[in-house]
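Common to both upcoming complexes is chain A, partnered first by chain B, then by chain C.
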Partner chain A sequence: MTMKRLIWITPIILVFAALWVGIAFAQDPTPSDDDVNRIAKQLFCPVCENTPLDVCPTQACAQWRALIRDKLAAGWTDEQIKQYFVDQYGARVLSEPPRTGLNWLVYIVPPVLFVLGVIILARTFHSPKESKGGDSPNLTPAPVAGTPAQPASESDDYVARLEEELKKRN
Partner chain B sequence: MIAQFGYGVLVISLATAFYAVGAAVYGYFKKSQRWVESARYAMLLSFPLITISALTLIYLIANNHFELDFVFAVTSRSMPTYLKMTALWGGQAGSLVFWSWLMSAFASAVMLRKWDRDREFMPWVIVVASVTLAFFIGLVVFYENPFARYWQTFDGTVITAMFQPSGAVPFIPADGRGLNPLLRHPGMIIHPPMLYLGFVSFVIPFSFAIASLVTGRTDDRWIRITRRWTLVAWLFLSMGLVLGSRWAYDVLGWGGFWGWDPVEIAAFMPWLTGTAFVHSVMIQEKRGMFKHWNTLLIILTYSLVIFGTFLTRSGVLSSVHAFAQSAIGPAFFIFIGATFIASAGLLIYRWNDLKSESELKSVFSREAFFLLNNLFFMSILVVCFWGVIFPLISELFTGQKVTVGPPFYQRATAPLFAALIFLMGIAPLSAWGHSTWKTLGRAMWKPAIAAVVAEVIILALGLRNPYALIGFFIIILTLFITLYEIWRAIRARGKATGENFLLSSWRLVGRNRRRYGGYIIHISMVLMAIGILGIGLFQTETQGTIAQGESLKLDGYTITYKDLAVFDTADARNVARAVVVVSKGGKVLAELHPRRDFFYESQQPMTIPGVRSTIEDDLYIILVDWQPILSSGATFKVYHNPLVNWLWTGSLLFIFGALVAVWPDKDPEYESARERARIAQQPAAAD
Partner chain C sequence: MTQSTPENSPLKKRGVPLWVQVLVWAGLIGLLGLVALGLNRSQQGTVQVGDKAPDFTLTNFSGYEYDGASQVKLSGLKDKIVVVNFWASWCKPCEQEAADLEAAWREYQPDGKVVFLGVDYVDTEPEARGYLEQFGITFPNGADLGTRISQAFRIKGVPETYIVDGNGVIQYIQVGPFQSVDEIKSVVESVRAK
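Moving on, here comes the complex of A and B:
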C-alpha cells in the first residue's frame, strides 16, 4: 500500500467508523437504569423540596425518570435532556443556579467575603503597633536568630502587665 | 379537662418567665438582692411547671387522646409505647414544648450553681434565659398549641380550637395518623433531643456574655464560667449532627449521609460558629485578645441556634410564600432580629472596654493560627448561609425559583475543610505569643517525612485521583503530627517520672484533660474526614432489574437476587422483603434483606436498605421496585461506599474526646492557675 492510498483511505475508514458507532449508540433500544440515573442525579425533583431526581421515591419522579429513558432512547444528549427539564419546569431542577443575571451573586458573594476576611486578618497582623522580632521572654520559645532584641522597657512593661493579670486571676 | 390543665400550666409558666424578667431587671437597677433572688426562684419554678405540662402531653399521647390535633397527627393505636413517648418531638408543637422544657432545665441548672463570685451576672443571665424561654412558650401558647382539640360545628365541619366554640361538640377520631414512618428509627428518637440539647445549652454562654456586657465586667470571667457549658453544648450539637447523618444513611435510602439540604445546614451553622468560638475563647483566656470577636461569635451562635430551630421545624425555606403564610415565621424573624440588634448594640456600647490586652506579634503564634481557623469556619458559614437563603432572594427579586445543591457546597467548602484539617495538625505545635517556622519545623519534620512515605505507598497502590491524593496527604500529615505530639509528651513524662507507658499516658491526659481531649477530638475528626473523603470521592452505584437467580455486579461484588416475600405485619405495615446474596470472587460474604415498608395509616412508604458493613467499605442495597406476581423480577440499586465506617468510628472517638475535655476537674480554679503557670514557664508546646 502506497503512502498516497493510505492518506485517502484512512479518513474514509474513520468517517465510517464514527458513523457506525453513532448509529449503534443511537439505536440502543433500552438505555440502562445507570444511564437514566446518570442524568437524573444532576436534576432535582421539580415538585418536591430538595430531592435529587435519581433518589426521589414518588410516582411522579418515577415517570420523569421514564421520560429521561425515552429521550435517551430517542437519541437525545444529556445536555438536551437537562435543557428540556429546565424549559419545562424552570431553573430549580438544576442542582445549581444557572450562571446568569442575579444568580451570579450566589457564586460571587462567598469569595468576595472570604477575600475581605483575609484582608481584615492581614491588617490585624500588620497593625502599626506591631513590633518585629520576639515577644516577651516568658512566651518566647527560642531566640530567633537575626532578629533584633526587644527593647527592655517594652518587655518589662509586658511582664509587669502579665504578672498583674495572673495575680488578678488567682 | 386534662388538655386544659396542661395548657393552663403552660400559660402560668409563661407568666412566670415574664415575672422573672421583670423582677431581675427591677432588682438590678434598684440594687435589690431580694428581687433578684425572687427572679431566681421564678426561673427555678419554670422547670417543674413545664415538666408538668410536657408530662400531661405525653400522658395524652400515650392514652390515645385523638381529640387533640397534635396527638392525632403524630400517633396511632398501633404504635408501641416507647415510640409514642418520642412522638412528643415528632411534630412542631410538641417539639416546641420539648425545647422549652430543655431550656428550663438548663436555666434551672445554672441557677443552682455557686454564684458567690459572680452575683452581678445573675440578673442578666436570668433575663436572657427567661426571654428565650418566654419566646418559645409564647409560640406554643399563642401559635402552635399541642393541646388544641377538634370540635364539630352544626354544619359538620371539624375545626381545631383550644376552647369549645359555641354550639360545637367535641369530635374524637377513632385512630390517629401515626408518626411519620421516617421518624420511627432509633437515630431519629435520639437525634432531635441531642440537637436541641446542643441548641439550648449554647443559650447559657450567650446569657453570660450578655450579662458581662450589661454589667461592664468585661474580663474573661464569663468565659471561664461557661467553658464547660460551651463544651457540653458543642458535644451535644456534634452528636446531634452525627446521629442525624446516621439516620439519613440508614433511613432515607439514597446511599449517603449528608445531602446539603437546607434543614441539615440549618443545624450545621451554629456548629460552625460554636466550633470557632470553642477555639477562639482560648485566645481570650490565655492572652486577653479578641474580646469583641468572641462576643460576636457567641451572639451569632445564639442567633443561628434560634434560626436553626426555626428552619428545622417549619419548612419555610421552600418558598418566600410559605414563610409569609407560616404563623410562626414572622414571630421568629422578629425575635432573631430583635435579639441580634440588642446584643450587637450592647457590644458596640462596650466596644472600648473590650480592647485587647496584647498585640498579635507573630504569624506563627497559636493565636494567629486560631484566627485563621476562625476565618475558615466563618467562610464555611458564609457559604452555607448564602446557599440557604439565596433561593429566597432569587424568588423575591426575580420570581425565579432556583436550587442551591450539593455541587455548590462541595466545591466551595472542600478547600476550606482541607485547610482546617491542616491547621488542626500544625496549630497545637505553635506557642502562645510567638513561634517561628523553625520551631514548627522541628516538631513537624519527622511526621512530615512519614506522611510523604505513606503518600508514596498510596500512589504505589494505584490511587491517582488528585483530590484524593491531596486530601489523604493532609489527613495523614495531621494524624501523624498529632500522634507524634502525644507520643513525645508521654515519653517525656515517662522519662521524667519513671512511669510505664500506660500509666504515663493516663496521668498525662488526666493532668491536662482539655489539651489531650482536644487532641483526641482532632484525631476523631481526621478519622471522620477519611470516611467523608472515601464516600465523597469513591462512591459508585448501579441499578438494574433482575430475575431470581440473576446478579448485578459492582466493584468486584456480585449481588444475586434470591427471593422476595410480601406480607402484612401486626403494626399495620405492608412489607416487601427481598433476599439477596453478596459474594466476591466466588465467596459468599453475606445475605442481605433490603425492604420496602408501606405504612397503611400514614399511606407512606419507607425504604430500609440491606447493608454489609466493614471497616473497608459498605455495600448498601435498596429494593427499588418489584413485580408482585410470582416475584419474577425486582429492581435493586446498589451503592458501594468505601471507608464510610471511618466516619462513624471517628464520631464515637469524638464523643470520648469531648468527654475527656469536659470531665470536671477537682478544683478548676487551681487547675487553670497551674496551667497558666506552666505556660509561663514552658513557653513552646512544641519543645
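Moving on, here comes the complex of A and C:
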C-alpha cells in the first residue's frame, strides 16, 4: 500500500469509526416507560393511600417515577432502586411487605386460616350421621327377635294402633 | 352376642385435642390484640401541645447544616426553642409560608436562642433543593429518611409546624401554612415568654 493511499484511507476509516461510536452512544439504553413502570408497580405512593406508583396521577408520583428513570439510566438494579425507596420513605412504599418481624403474619396467617377452615369443613362433612343423631330417641320400634324387620309405613301403622290401644285402656 | 358401648364404638365422636384448641384461641386473641393496637395507633391523631416532643435526628442536606454539622438531634438543642417545620416540594400550601419562615429565621438567627429545622417529607432531593433555592431558604433542612420523624410526630400532612420549648415540650402546633412573618413571630414570642 502506497503512502498516498494511506493518506486517503485513514481519514475515511476515522470518519466511519466516529460514526460507529456515535451510533453506539445513541443506542445507550434510555429507560422506557415500561422499564420505569415495571419497578413503579412494585411500589406504592408514599403520600396517597393505596395507590400504586405506576398509576398514581399526582405531581409527587411523577417526580418519583422520574427518579426511577434516573436511577435506571445510572445503571441501578431493580432491587437497588427499591431499597433506595425504602431507605428514603420507609418499608410501607413496598407493595409486598418485607419478610421480617410482624410482617410474617401477613404471609403465615391467611394460609393457616385457610388450612384450618378446610380441616373443619372436611371433619364436618365426613363425620358419621349417627354421631349427630345419637342422642335423639329412635321412635321406630325395634324389630322383635325372630320377626323380619318391618318397612317404615308398616311400623308407623303399628305405632298408631299401639297408641290407639293405649288410649282405650286409659 | 357382644354389644358396642359408647366407649369402644367406631362411631365415637372425635374431638379436637385440647392443646390445639388452646393454641388456636391464643392465636386468635393475639391477632385481635395486634389489630386493636394498630387501630388504636392509627386513631391517636398527632402529638398534642404539652406532650414531650419525640426525639429525632435530622440528616441535613449538604449546604443546609446546623452549626456545620451534617446531623442535628432535637435532644441536643436543650434550652433553645425549636421550630420544626414539615414540608415538601410537591406541597403547594407549603409555598405560602416558605418565604415567611425564612424571614422569621433571619430575625432569630443572630441571638441563637431559636432554631428552625425544616423536615422534608417524602420528597426527591433534586426537587427539594430546587424548592429551597426558589424560596432562598437558608435554615437547616434535611430529608425525613424512612419517614421516621413524621411517623413519630404522627403528622397528618404538610405543612405542619411544631414549636418545642427548651425542655423539649411541644408548646404550639400549626396545621397548615402560617399566613405571615408576624404570625410566626408572635407564636415564637408567646412560647419564649412562658
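Keep this in mind: the second predicted complex is superposed on the first by the 98 of 170 C-alpha atoms of A that agree within 3 Å, B and C clash if a C-alpha of one lies under 4 Å from a C-alpha of the other, contacts with A are read in each partner's own complex, and residues count from 1 in each chain.
Quick note on the criterion: a contact is a pair of C-beta atoms (placed from the backbone, for glycine too) under 8 Å apart; a residue touches a chain by one contact, two chains touch by 3 or more.
Bear in mind that the values here come from a model prediction, so they are computed numbers and not experimental data.
Which chain, chain B or chain C, ends up touching more residues of chain A in the combined arrangement?
Greater contact footprint in residues on chain A: B.
Could you tell me if A:Q59 is touching chain B, chain C, both of them or neither one (first, second, both, neither)?
second
Determine, under the contact definition given at the top, whether A:T30 touches first (chain B), second (chain C), both, or neither.
A:T30: touches no partner chain.
Could you look at A:D87 and tell me whether it touches chain B, chain C, both or neither (first, second, both, neither)?
Touch partner of A:D87: chain C, not chain B.
State whether A:L67 touches chain B only (first), chain C only (second), both chains, or neither.
second
Could you look at A:N50 and tell me whether it touches chain B, chain C, both or neither (first, second, both, neither)?
first
Name the contact category of A:L102: first (chain B only), second (chain C only), both, or neither.
both
Counting contacts the way the document defines them, which residues of chain A are shared by the two interfaces, the one with chain B and the one with chain C?
In chain A, residues 90, 92, 102, 105, 109, 127, 130-131, 134 are touched by chain B and also by chain C.
Which residues, counting only chain A, touch chain C once they are in their complex?
46-47, 58-60, 63-64, 66-67, 86-90, 92, 102, 105, 109, 116, 123, 127-128, 130-131, 134
Can you list the chain C residues touching chain A in their complex?
11-14, 24, 31, 34, 88-90, 122-124, 127, 143, 145-148, 151
Residue numbers of chain A touching chain B in their complex, please.
So the residues of chain A in touch with chain B come to 32-34, 37, 44, 49-50, 52, 55, 57, 90-98, 101-103, 105-106, 109-110, 113-114, 117-118, 121, 124-125, 127, 129-131, 134-136, 138-142, 144, 158, 161-162, 165-166, 168-170.
Quick one: in the complex, what on chain B touches chain A?
Touch residues, chain B against chain A: 219, 252-255, 259, 261-262, 288, 315, 317-318, 357-363, 365, 368, 371-372, 375, 378-379, 382-383, 386-387, 390-391, 393-394, 397-398, 400-408, 412, 431-436, 438-439, 541-545, 605, 607, 635, 637, 669, 672-673, 676-677, 679-680, 683-684, 686-687.
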